[in-house]
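As written, the chains take the letters A, B, C and D, and residue 1 is the first residue of each chain.
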């Protein structure tokens, strides 16, 4: 599994969906890339990802418009709409934009739907390297329930593999580093499209460029954990995540269940971070243009869970509109280190709505997160024995969000927490 | 519910599917109609139904061919392929063939898939009486799992109703008496398409011609029994029925569960009778060109169950190839009378694989069917008390298939039966 | 099916559960019977039903107490706890109380759990008319999920039938007219206990006394509609119904689905009426001692739906605490007549939260109920054509709850309705 | 998770179920232990496990007898039936038998059902260290569907934990090393009993003796993988496994899905090995007294899959009746080494019924198993690239069952295999 040599740590970046829906433009992508290069790159953020519908010239929001024409090349492959991505003119595709991102020292990603465009099938256009038309490789009733632009591919036809190969050949030419494939990890009528996942895996392996493969949407099934790990770098544990407490509350259970499946090159994904300025041209998640509806406590809770669990971190807001608090969530060195270098994340216990997680740092540090996910204040505590820590060997305990050192080391760590709040601690252990 | 004034008795006829799959031709339809007029009409058989894919010039068997062109008029309505139905030339549609059938004193039926042709949607062709194109009314991911020619319609668009209205206006012009709509009573991914059923009901009511509405495939859900009864004349209790004992065995339970929902104008449907010469150009049901694989006992068991339950009876074989035995199943006057004039059908009991059914005739006759659905011989009996019959008032007992009068009237009726065999009796009661 | 000669109209009565949970006493039963005889009998109310746990001397509320001793006779049959039912002393069982009720011109009913007492099984006590002990006929893992007093019976043992026979022999001696059997129409782990239903049917038939058989709890499955109709007089369409709007809202769909299964002797049951003073010694339904939480509009909506649908009507409150409004719901002659003598009830249409039902009276009256089940005011209307009524033949239209005659007869009946309110009309038709 | 310090390699042993059902006796256990000590101990086999129903004096086969009395001590704890385990007389329990097994250099295990005996609950007997009776801690409707001797425990009662503590205190006194708990990993009506699993984990941790915890039956759900790993040492992937090809065929998919959850101290369990002389006093698995119905090819296939996957290995037959072939399956040094010291097991690919697995040895050996699980002969091959092996560095390839060295090292390993057969190879790699 060569792909486990990519994404050795959980990917971090920006994705256009939460703020721009299906409509992001080149200048917005560049603006966010510039911001990332200036403010976030030194903190490990590197992927700039153009989400869905970049081939649709007339996209207006996060609501899809069936049967609209998409930009397509002579081999039935979608290409960027030039009105939205001017640098793509003359058939240059995303290469100029990828170059721009690369020149900033960052990496470039795109979103695709599994399959082949419906319009290609109906026009029966060519498939590169084959004698067949698009119609031959399409599965005529394999249509995504929520975006109906594509037909899935029939894996029993070798030409279907060749089409995927031709896609990734093109993406490699463009310089794509990250590919998010949609309607594939949990498709409404069919569950996971395992055979298409395998075709895409093979196409990436053949294209010669190490691209991170991210599968959407969720919830992926734990019954598919093995096949997902063997074919992808990340896969969604949930359906789309938005700034709604119930979705965050629910993520604790999902993280727990998936916690045995985390490792270098393969990352269960808690989905994008709906932080800062979102919904600018999107009507998903039950709201439109807004700052995140999460409270500050909830934002810290989310960042803590994602980071100790080691979910990929994809910021969803318009980066340039970040306030200081939002930015502070992204550049906390200690939290970032835990996310990138931690290991062995596990839920220590859950008693009703008190939850404790733990992981380990590279120098035997022990990270402990105490969460109050109830709607009322309560005290959450954990005994050092439960953490496998010998109290006499604890050199120091630091609160990573408050950036304070705790004065005492007791046998029991106790935190009185507001509703939906958490405390994240680092214990330095004598060797 | 005006439609309960049609089909006051369970419809009887011939359907092209079991013998000709998707490929029947005009001359074959006429040939079967001629046979029916000559041999069956006087026994109440009247519908001649052209099953699926009559718009496809190149249909070759019961296997569908995605993306092939279909014959269509200027209003996105499918019309007969002239190579298969020569009388349809010049835009005359099925009118000449319907006239032919009507002139024989019979009735004419056709099959349609719910929705609008995919090709109409992709060409965005016109919808009669509207300013919109086909694309506007299509549900872009509502595609049948097994035949992908059509898109379902979006009932929230008034123009979708107008499209269905335009279809039935055309069918009324042709003289259609019976319409079998497919992918609608149990659609693989969606269950019943209730809203499309209601649109079709309304379109028929508006067209001014009393057409029997038959919904396929099954199994329809008993949870939908009310809405089916209120909108259709018949609906399938099962997926496609073929000449396989397990399917026939299973029908006993289905008939029992649906036995409270039988009545004038609304008939739970046990599906077509795969009798005689079937599979001529079909590869369904696990076999091709053959005489029915049912034994004679099984054929009688099927005819008995369908008739006492009052399922619609649609013969599936090539009528002209009937042998005497097959024909004898269709022209038994007493059995036909029970089917057409009986009422109150109920399963008296089922003990393991012994089953007894009962119904009543118009003159207080009591019909009793004793079934042995085990794989071994056994005796099946029923006490007259269980039938609500006073032994002293029984004038005679006749075996309707053997056409023999039983010599004695005992308190208990007992029948020693071969595997899969049955006995069907009529008890005449003194008034 | 002899039992369809009982309960030719939907039963009406009082049941102790909603007000007294598992704890009702003889004097409370008598008090409610007295009230019924005085105020309700002339309006057709007749059944007085002692609900669950009458064998438990120490019952304290609607919460069950596992493993407490129950009163039992020498044949493993539960008998009334004498501290709660003093007239039962000396082994007289419910006979004296039944006599009391009968002397008022009313009928007497009791509740039982299916099966045999756990304590009988563990003591292996006798089964009347057999050589076996209780243990022999018990199904050792067939225990109700919410009341664990009993084991279900193993229908493969003839002695299990004999036990049920012995129960109903006893109940016939007592003079029981109505039997509510619980944990049988929808049992949490097993669905319907069909074989036990059949044993009980047989036992009632054998006991020689016509007892109405009522099966609980629901939701019964429409897949079992046939077997329920053939064995019982009424069966629950839902789990327990309480004074909660969502449960009432939901009942509209259930009534619609079951509307084809209503008829003399067999009545889908919308459950008891939680009206007036309820929860006196009960903690079910999310509340305790109270007047019904339903608004007056909701109460009328409930009474209208139950009555036009022809559900059994079992009042759940302490009758003696009825206020005038509550009483008025029970003694409306016109509504009662529709409930007892109507037929052909059907949902005319449902558009979102506007619902119209219709039924017919014995003299060709047409009953129409217009419901607004939205949370906001709206207008609900119905065209006389939809009701199959010729406007020129309408003699009068009367509002049955307001007891007013409408001044005009228009082609369309229109009602502007408060949230959760309804209007119930009777149309008298010229012959 | 201290328990991950036990069972660092997958446990190997003998279990009485497949041969003796619910009836094994002390002398049979000793006889098998003697055999193990003599023939198998040096090959790593060590556990001797007494399966279900050792408290039932009158057990006769694998069929359970409800309500029979079980041997029990004064604290509601089951103890061995002395007629079957004479050394247990005088309240010595399993201590003498455990001592016997320990003296052979082996380890001793027992089976229990979760919960507390039904008879204890009905007699309301004492719970050690508490003031409450058995009735207080029982969940009165938590009864196993297939063995009804016990009630589950109510984890909300602290005394329920104390009961489990008292059980494991006793088992520690006896010297139990391995505990198989039943009706807990997949209970028919309830799924996994998570709270009882946690109570048992805690009780073992408290008892001070490191006992391997094995949970039955399966199929355990992958959704519970995290909680199983955190509380148990092994858990069943399937319902009971027997000598039936379909069950073995099915195990390939189960092993694949669970392959990410294997590790020191926690082992997904493919269930016992129904090899040699089985069914001696058992009627499970569709047969009674017999030699295994698996062919030799199937036996090798099973041993290969279990061993490369690293399932626990529990021999189910009467060891003393082993023939040479059966014994040869257990003492193959190379296969045993792969099972005990391998790591990284993964399915390399599955194409229809051709399956290849791979794992790694401690010295960089690569193990490869090629399986033909079709019903016909076929060739199964794998390219060294798929194994991540550089052909130029392969020193040797050995067939571990045939004990032959392959003459050539080609880029592709190819094996022509009989139906249900496999080839197991070891590749030694130059460092």
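The definition used in the following text is that a residue touches a chain if its C-beta (ideal position, glycine included) is under 8 Å from a C-beta of that chain, and two chains touch if they have at least 3 such contacts.
Quick caveat: nothing in here was measured; it's all calculated off a predicted structure.
Enquirer: So which chains count as neighbours of both subunit B and subunit C?
Expert: Touches both subunit B and subunit C: nothing.
Enquirer: What's the distance between the Cα centroids of subunit A and subunit C, rounded to whole Å?
Expert: For subunit A versus subunit C, the centre distance works out to 54 Å.
Enquirer: Using mean C-alpha positions as chain centres, tell me how far subunit A is from subunit D in Å, no decimals.
Expert: Distance between chain centres, rounded to whole Å: 39 Å.
Enquirer: Cα centroid separation between subunit A and subunit B, in whole Å?
Expert: Each chain's C-alpha centroid was found; their separation is 52 Å.
Enquirer: Multi-chain contacts in subunit D: which residues touch at least two other chains?
Expert: None at all.
Enquirer: Line, ring, star, complete or other: which describes how these chains touch one another?
Expert: Topology of touching chains reads as a ring, each chain with two neighbours.
Enquirer: Would you mind giving me the full set of chain pairs in touch?
Expert: A-B, A-D, B-C, C-D
Enquirer: Can you tell me which positions in subunit A touch subunit D when the two form their complex?
Expert: My answer: residues 221-223, 225-226, 229-230, 256-261, 346-347.
Enquirer: Residues of subunit B touching subunit A in their complex?
Expert: 66-67, 118, 121-122, 124, 135, 138, 140-141, 143-146, 148, 189
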